[in-house]
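Next, two complexes with chain A in common: one pairs it with chain B, the other with chain C.
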Partner chain A sequence: MAPILELRELSVSYETQGGARAVLSKLSLDVSAGEALGIVGESGSGKTVLVRSILGLLDPPFRTDHGTVVFEGRDLRQLDEQSFRQLRGGSIALTTPEPRKHLNPLISIGRQIVNVLRAHQTLAEQAARTRTIELLRAVGIPDPERRLAAYPHELSGGMCQRVIIAMALAHQTKLLLVDEPTAGLDVTISRQILDLMHELAVSHGTALMLVSRDLGVVAHYCRRVAVMYDGRIVEDAPVEAFFAGPAHPYSRQLLRAAAASRGKRGAEKRVDALAEPARTGCPFRPRCPVAVAACATAVPALQQVAAGRRARCLRAEALLRQELAA
Partner chain B sequence: MSSDNPSLPATPLPRVGQQTAWRDFLSFTRQRGGFQLGLAIVALSLGLAVFGPHIGPYPTETALPGMPLQPPSWRHWMGTDVSNMDIFSRVIAAPRIDLTIALVSTAIAFAGGVALGVISGFFGGGRGVPKLLSEGIMRAADIIQAFPVFIFALALVGFRGPGTENVIAALAFLNIPYFLRITRGAVLQVRERPFVEAQRCAGNSEWRIAFVHVMPNALTPPLANISPTIGFSILLTSGLSFVGAGVPVPTPEWGSMIAIGAPNMMTGQWWTALFPGLVLGIVILGYALVGDGLKEFLDPVNKR
Partner chain C sequence: MAATLLQVSDLTKIFPVGGGHQLKAVSEVSFTIRRGEALALVGESGSGKTTTGRCLLRLIEPTAGHIQFDGVDILAQTQRQFRALRPRMQMVFQEPYDSLSPRMRVGRIIEEPLRMLPELDAAERQRRALEVLGMVRLGRAAYDRYPHQFSAGQQQRIGIARALVTRPDLVLLDEPTSALDVSVRAEILDLLSDLQAELGLAYLFISHDLTAVRRVCQRVAIMYLGRIVETGETEQIFEAPLHPYSRALLSSVLYPDPASRLSRYVLTGEIPSPIDLPQGCHLASRCPMVEPRCRSAYPPMDRFGEGRSVACYRAQEMRALGGLTTH
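Right after this comes the complex of A and B.
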C-alpha cells in the first residue's frame, strides 16, 4: 500500500551551550495508510521528538536541520503555518499520556470537543453538540448527554483518555500519533483504552503510529515495529518476525529486558550501566555484546536483511541465523 | 480476620462545583477576622459611593451661612470647614468620586494589563514579530515603572489638566504595568502545561490558544491584585487632589478636603483634615485586607 507518511533523512538537533546535539539523525521511515506501526526504544532515543517533528511542533532549542516529512504527497516542512494548522487535529492527530493534564481544566469537556470540531469545519452549535454526543458515545463514555457539562477534574484518568481519543478522531483522521498511551493508567484501563483506540482506527482506516516503551502493547496492536536507538531506526520489521528473532543486538536487549521485567525464566537479570552512544562507527558499539573490529570504523546503514525487514547492523544476518550467543 | 464489609456505606464523591466553592469561601471568611473587617469596609464604601451624596444631613457643595470652622458637635458630627460646609456630609459623599475613579481606572488597568501580559508572556520565548512585540511591551513597562509613581501621575495630569477623566486615565496608565507583570508571570507557567500543547496539536491558532485557553487559567493572580490596586488608586487620587491636580473643588473628595483643612490644623481646628484622612485610611486598609484575604483564598498552595 502506498505510504501515507514518508520521513526522509529527518535530522533534528538540540542546541546546547556546548554546541548542537543530534536528536534524530537522518531518520527515514514510512507509514502506510491504515497500518499500525509501533515505535519502541528507551528514554532519550528520540521517540517523542519524532512525533513532535511530524506535527511541526518543535520549539527552540530543538531545530529541524534537514530532511523531509511527506504526508499525503505534501512536504510538511514547506507548509505555511495556516495550512499546517488545518492538518493538526484534522488529518493528523495526537493522543498524549497523562490525559487529564492535556485537557483545559476550566472548560467543560463537551465544549472542548466542540471547539476541536469547529476548528476544522463550520458547524452550527446544535450540530456540533450532536456530533460531540456521538463521539463520546463512540469512545464508550456512558450517559454522554450529561457528561458534556463535566469538567476534566470530575472524570477519571481513563475517562479523560477517552475524551482525548474522541478529540483525536473528531475528523477524518488519516494518521493518529499515539504517544505513550499506557502512561499513568492502570493495566486494565490502559488495555480498554488501547482496544478502543485500535478498534476505532481500524474502523476509520486510520493509520496508527504507536510510540511506547511497552513491547507487549506493540506486539498486541501493531503489525510492524520500528526500534529507535540514538535518534536512528535500528530495526524495522513485521511484528511476528521481530519477536521471533530480532535482527539487531539492541532489539534483542530490549526483548530480554522486557522478559526480565515480566519475570520470565532465562531472561536477562540485569542491565549494565548504559554507555553513551559512540561518536564514530556504530553508535551502539559500546553496549553491543556482538561487536567486532569492523563496527568501530563503519557506520552501518539501514539495510534490507530479509523480506520486509531492515536492520542497521553489520552482523544482522548472523543474528538472524541465530548464530551469535549472549 | 479481615473481610470486606458489604454494609459499608458508599462514600459520596465530592461534588466540586459552584456550591462547594461558595461554601469554601464562607468557611474561609469565618476563620479570618481581618478579612471580614475588610469586606465590611469595602461593602460600606461601595454603599456610600451609591447613596453617600444623598444621605448626609447637609448639602455637600454649598456653604451653610455663618458656620465656619465649627468643632464637632451633635449638629455637625465632624465639624465644619473654613468654607462653612459640613464635613461629615462631605466625607460620606466623597466615595462617589473617589471610588468611581478607582474602580474605572482599575478596570481599565486590569483589562489592558491582562491583555498585554498574555501577549508578552505567551509569545515571550518565540521568534519574529510576536517576540519583538513581547519585548517591546516589557521595555515600555520598564520605562513607565522607572518613574516615581506620584511624580509620573502628577506629570500626566499636569499635561492634560486636572479633571476626573484625566485622573482616571493617568491611574489606569500607571497601574497597567503591575497587572501586566503579574499576568505575565502566571502565563509563563500556564503556557508550559500540557493542555496548551494539546490545543496546538488540535489545530488551534496561537492567538486563540493564548486568549481562550491560557488566559482564563492565568487570571487568579491579577484578580487578586484588583482590590489592593483599588485602595492604592484611592490613595493616589487623594494625593493628586491634595496638591490640586486631581478632582477640582468643591466636589467632595477626601484628598482635597485634607488639603482644604490642612492650614486650619495649624491653628487648632484639628477636625477639618483629621476626619477625611481617617476615613481615607480606613477605606484603604479595607481594600488591602480584602486583597490579602483573596490572595490567600485563591492560592492553591493554601487549599486545605
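Right after this comes the complex of A and C.
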C-alpha cells in the first residue's frame, strides 16, 4: 500500500545565540493508511517537534530548513496557510495531553461536531445532530443527547479526548497524530481511549502516529516502532521483532529501563546515562556500552539490518546476532 | 522493636464544598506499614491517595481516625510535639525542581531539615549532607551547586537526599517518578529499592504508575473514591485481584511486552463525582458484579488469607475468575 504520509530528509533547527542547532536531522519516515506507528524517545529527542512540523505548527525560533512532508501526494510545505488550515483538524488531526486546548471553549461540543459534519458534506441541521449523537455514543460518551449542549470546560480530560476522536470520525480523518496518549489520563480511561483509536484505524483505515514515552502503549497498540535519539531515527522495526531484540543499543537501554522488574546488575558496562549527545560521530557514543573507535568518525547511516528493520548503528548486526544467540 | 511502624485506623477527611455539600476525600481508611516495608497506595485521580499521605504528615488535619507512628498517637499530639517526631517521617515530592529552592545551594537545601535539630552543629550538618549525597550517588561536588545545574533525575536525587538526611524511619513518596523519562525513572526506582534495603526504610509509595509500584513495593493498597478496596502482597494482587475495581485497574496495565496478554476486565462509564457519594459501594454504578445489597450498604473488609483483605460482597466469586495472565 502506498504511504499516506512520506517524510523525506526533514530538517528542523532552532536559533540560539551560539548559532543554529539541529532538532531534526534529515528525518525520513513513511506511514501507511490504517497503520499504527509508535514514536519513542526521551524528552528532547525531537518527537514533539516532528509532530508539529508535520502540521506546519512550528513557531520561531524553530525553523524547517529542508525536506518534504508529502501527505496524500501533496507537499504540505508548499501549501498556503488557508489550505493548511482546512487540512488541520480535518484530514489530519492532532491530540495532546491537553485535549481541551484543541476544542473551541466558546462553542458547545455538539455544535462543534455538527459544524464539522456540515462543512464536509451536505447535511441538514437535524440529520447532522442525529449523526453527532451517534458519534458521541460510538466513542462511549454516556447520555449523548444531553452532552450535546456541554462546553469543553464541563468535561473531563478523558471526555475531551473522546470528543476529539468523535470529530476525527466525523471528518473521516486519514491521519491522527497523538502526542502522549496516556499522559494525564487514568489507567482505565486511557485504555478505553486507546481502544477507540485502534478501532478508528481498523474500521476507517485511519493512520495513527502515537508519540509516547510509554513502551507499554507501543507494545500493545502499534505495529511498527521508530526510536528517536537526538533528532534522528535510530531504529525502525516491527513491534514484535523490536521487543524480542532491539538492534540499537539505545533501544536496548529503553527496553531494560521500562521492564516491570529490575534487570540484572553489572551485566553491562556502566555508562553515563546523562551524557549529552556527541557533536561528532555517532551522537549516542557517550552513552553507548558497545561503542568502538569507528563510531567517532561519522554518524552511522540508517541501514536495513533485517527484513523491514532499519538501525543506525555500526554494531547493529552484531547486536542482533548476540540477541538471537542469547 | 515492634514490627509495626505505622498504623492508620479509620482515617477520614471531609472537605466542605459549599451549598451544604461534602467531599469525602478519604473514608475510614485503615492500613499498617511494618518497619522496612514498602507499601504502595494506588488509585486513579480522586481516589484519595494523596490526601491520605498528607494527613499522615499532618500537612492537612484529618476529620477523624487514628494514626499511630511507632506507638505514638500523632493526632493527639500538639503541633509542637509532632515537630519533634517529623524528622523520622519525611517526604519526596512529584516535581523535583519545584520542590527545591532555586536560590539555595544544594548543600543548604539538604541541611535545611537538620536545622530543626538543635543538637547538630554546622560541621555535623555538613558531614550528614555529604553522607546522603553519597548515598544517592551524587557525590561531594553537588554540595556547592544550584538545583538548576542538575538534570531532572539528579534533582530528584537531591530531593531524596534531603528526605534521608534526618535518618527517617518512614519516607512518603508522592509520585516520585511521574515527571521523569523512562531511563531516568528506572534509575530512581532502583535507587529507592537499594536505599530501602541498605537503610531498612519503610516507604509509603503513592502512585498511579502501576509498573513502578510492582517494581518497588512489597505490599499494595488499592483505593477507589476515598476507600481502600483491596490490600495485600503486591504479587498476589497483581496476579489475581479479587475486587472488581482492582481487577479492572490491574488488567489495564500495559506491560512493555507485546507477548504479555492480560484478560481484560472492563468497567463502563467514568468515575463518578466524589461529592455526596451514595451510601452503598462506590463502584456500584460501574461494576459488572453489582447486586441490590451493594447499593444499600458499603461492603466490609473481609480477610482472604494472610495479610489480604477485600471490600466486596462477591470477592469469593471473583476468585473463580482466576489470574489475569492468559497463556
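We adopt the following convention: the second predicted complex is superposed on the first by the 287 of 326 C-alpha atoms of A that agree within 3 Å, B and C clash if a C-alpha of one lies under 4 Å from a C-alpha of the other, contacts with A are read in each partner's own complex, and residues count from 1 in each chain.
What we mean here is this: a residue touches a chain if its C-beta (ideal position, glycine included) is under 8 Å from a C-beta of that chain, and two chains touch if they have at least 3 such contacts.
Note that the structure is a prediction, hence the values are computed from the model and not measured.
By the touch criterion defined above, A:286 reaches neither chain B nor chain C. By the touch criterion stated above, A:98 is placed in contact with chain B alone, chain C being left untouched. Shared-chain residue A:3: touches no atom of chain B or chain C.
In the superposed model, A:254 lies in contact with chain C only, and not with chain B.
Of the two partner chains placed by the overlay, only chain C lies in contact with A:158; chain B stays clear of it.
In the overlay built on the shared chain, the residue A:34 is in contact with neither chain B nor chain C. Of the two partner chains, chain B is the only one that A:90 touches; chain C does not reach it.
When both complexes are overlaid on chain A, the residue A:245 reaches neither chain B nor chain C.
Note: no residue of chain A belongs to the chain B contact set and to the chain C contact set alike, using the contact criterion stated above.
Against chain A, in their complex, chain B makes its touches with residues 16, 125, 127, 193-195, 197-205, 212-213, 216-217.
Taken in their complex, chain C has these residues touching chain A: 44-45, 151, 153-154, 181-187, 189-190, 193, 208, 210-211, 214-215, 248-249, 252-260, 264, 267-271. Listing the residues of chain A that touch chain C in their complex gives 42-43, 140, 142, 156, 158-159, 182, 186-191, 213-220, 239-240, 243, 253-262, 273-274.
Residues 55, 57, 59-60, 85-90, 93-94, 96, 98, 101-107, 115-116, 119-120, 151, 153-154, 164, 167 of chain A are the ones touching chain B in the complex.
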